[in-house]
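In the two assemblies presented below, subunit A is common to both, partnered first by subunit B and then by subunit C.
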Partner chain A sequence: MNPPTTPTDITDITRTVADIAAGEIGGGVQLAADTDLRAVQGVDSVKMLRMIAKIERAFDVELEDEDVFGISTVGGAAALVEQALRERV
Partner chain B sequence: MTTIELPWSVLPDYRCFGCSPHNPGGLGLTFDPHPDGVCTRFQLDRRFESYPGVVHGGLVGVICDETMGNLIVLRRGRSAFTVSMRQRYVAPMLIGRPYTCVARLRAGADGGLFHTTAEVLDAHGAVCATATATYQPFTLADARARLALADDELAALSAALDTTALDTTAPNGA
Partner chain C sequence: MTTVVTGPDSGIANTNGHYDLDPELFGQFLDPLRKYSSALYESPQDTLAQAQEHKLHYVAGRLGLTGGERLLDIGCGWGALVLFMAREYNCRTLGVSPAPRQHEYINARAAELGLTDRVDTTVGHFERLDLPARGFDAVTMLGSIVHMPDLGEVFGRARRVLRKGGSLYVSESCFRNATAREAFDRRAGTEFVRESIFGWGDLRPLSALVEGAEQAGFSVVAVDDLTEHYRRTIEDWLANVAAARDRLEKFAPGLTDQFTRYLEVANAGWGYTTKHYALVCRNSR
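And now, the complex of A and B:
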């Protein structure tokens, strides 16, 4: 069961993931679905894991470690969230 | 913020490594209400060191497990055994620094199991570790054979648990 405010559409998921990632990076960074997060200045492995922790909490999902370490873009993270939400239903 | 009294406190000599005040080798964790569930604040010394200056990861697991387990006790009035727990270490936690562990109940309880999450945050609110876990509730009577409790202790603890749940309707009992 999804909390009422949890988006399930890939467009909305992508927007939420981008907002979370931008908030974690800070500095008003603008992120597109295909932005390479690991290439953004100031993003290291800890920052990536903090983004993932916030994303997992926002959507109440658990992402696999192998998938987490393969994430490079907002769109990639959003696709994993969408898949996790679909598998939960 | 007020520290919540644990039902185990009716046992004068309980020795839980995580939350007993009577175990000199333990962590002596105490729990406070939190808008999302319950939380505990802690700062570990070098007895709990792993790499130089870094808190041993196993202890982080203990603290998350302890906070999530007591969340179920305090918010649902149920004692529960840990069935499984996944820990993710986000950033090294340092000896001598203050941290807070916040535990929440997840939606979607099934088969009588409780699903929980926990986050360990540093003094700036940054996530250092996360955990998810599943717990199986039990009655003291059913677990009697596995617990070292005298009859009077069992009765006192059962009575304490019956009056512990702060709110069994809200998602996190808030």
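And now, the complex of A and C:
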């Protein structure tokens, strides 16, 4: 994904994060911004890490360790991405 | 020639037979040398086979091999390193591992390659082998110390079998730090790899390996971060496993998914919870 086309609006970020998370979980899962990802069937710490790695790559950001291991919702991840994007500018 | 050393002991962990599975099974997804540890990629175009050879030349460089050295490989797998160093560097090599079928395979390969006079193997646990003091110029451990509970014993013995000025090369997957170890040691993914794949394995932070080397009296001469190389190695293995599904399922139904799960667990953690380091030590002040 090219940085110029990377969404920076929280709504767009949330949509992209939800798409990445749903793609990783598979099975056409529907995720709301406040869905507890760790409670979704088939999601474990490995899936969470794979999701976060893909999100970091998609937005070209590196989230803080203490945030990474605390992420539990799409909205939470999107907020961290938005913050990281803002701090990068 | 293969020597067999067995018998119970404390401080020794038995892996659950993963490494004693049919060597042909591993031939389905490893490179032609059947090296079951990280490769080293020098360019984006490198194949797995090329990268595994680069890695072995890199290990030789880190050990300062110039030709003809006596080399001990602890946890020799299917002999990738002992056969390569004998062939490429004219070394006299001894491979040690507890899995008998690995030795049958290595001996057959050594005969095919005309290396039987330079390649020996011993079936057993390094921690209880009686090897000659100062009998080796170089000792290697690629991804094997993770299966050995007593680091003091391992590093102490490694130093005793090395001549003065000899080198030890250890590469291992490590927890990224002590915090990651506490957070992840008992998580499902880690447990799965430890219990389902290997039977016993203890990832440690690099600092624990450095401490073991220091306590044994080694000088630490280099640490290299090989994490990205292992990530790419495992991506190549995963692609090979997927391509070999039909053949793998003939060895044991469900094997493809089990290997895939194991390799995906390993690759998910790199950088976040785990690192892969090479530690080079010298038996000198």
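Heads up, the rule we're going with is that the second predicted complex is superposed on the first by the 87 of 89 C-alpha atoms of A that agree within 3 Å, B and C clash if a C-alpha of one lies under 4 Å from a C-alpha of the other, contacts with A are read in each partner's own complex, and residues count from 1 in each chain.
Following the convention adopted for this analysis, contacts are C-beta pairs under 8 Å (C-beta built on N, C-alpha and C of every residue); 3 or more make two chains touch, one makes a residue touch a chain.
All of these numbers come straight from a predicted model, not from anything done at the bench.
By the document's definition of touching, both partners, subunit B and subunit C, reach A:R50. By the document's definition of touching, neither partner reaches A:A78: not subunit B, not subunit C. By the touch criterion stated above, A:F69 is placed in contact with subunit C alone, subunit B being left untouched. With both structures placed on the common chain, the touch criterion links A:V17 to neither subunit B nor subunit C. Residue contacts after overlaying the shared chain place A:L37 against neither subunit B nor subunit C. By the touch criterion defined above, A:D60 reaches subunit B but does not reach subunit C. Touched by subunit B in one complex and by subunit C in the other are residues 46, 49-50, 53, 65 of subunit A.
Of all residues in subunit A, only 1, 3, 46, 49-50, 53-54, 56-57, 60, 62, 65, 88 touch subunit B in the complex they form. Residues 183-184, 187-189, 264-265, 268-269, 271-273 of subunit C touch subunit A in their complex. Of all the residues in subunit B, the ones that touch subunit A in their complex are 86, 88, 90-91, 106-108, 117, 119, 126-127, 130, 132. Partner subunit C is touched in their complex by these residues of subunit A: 44-47, 49-50, 52-53, 65, 68-69.
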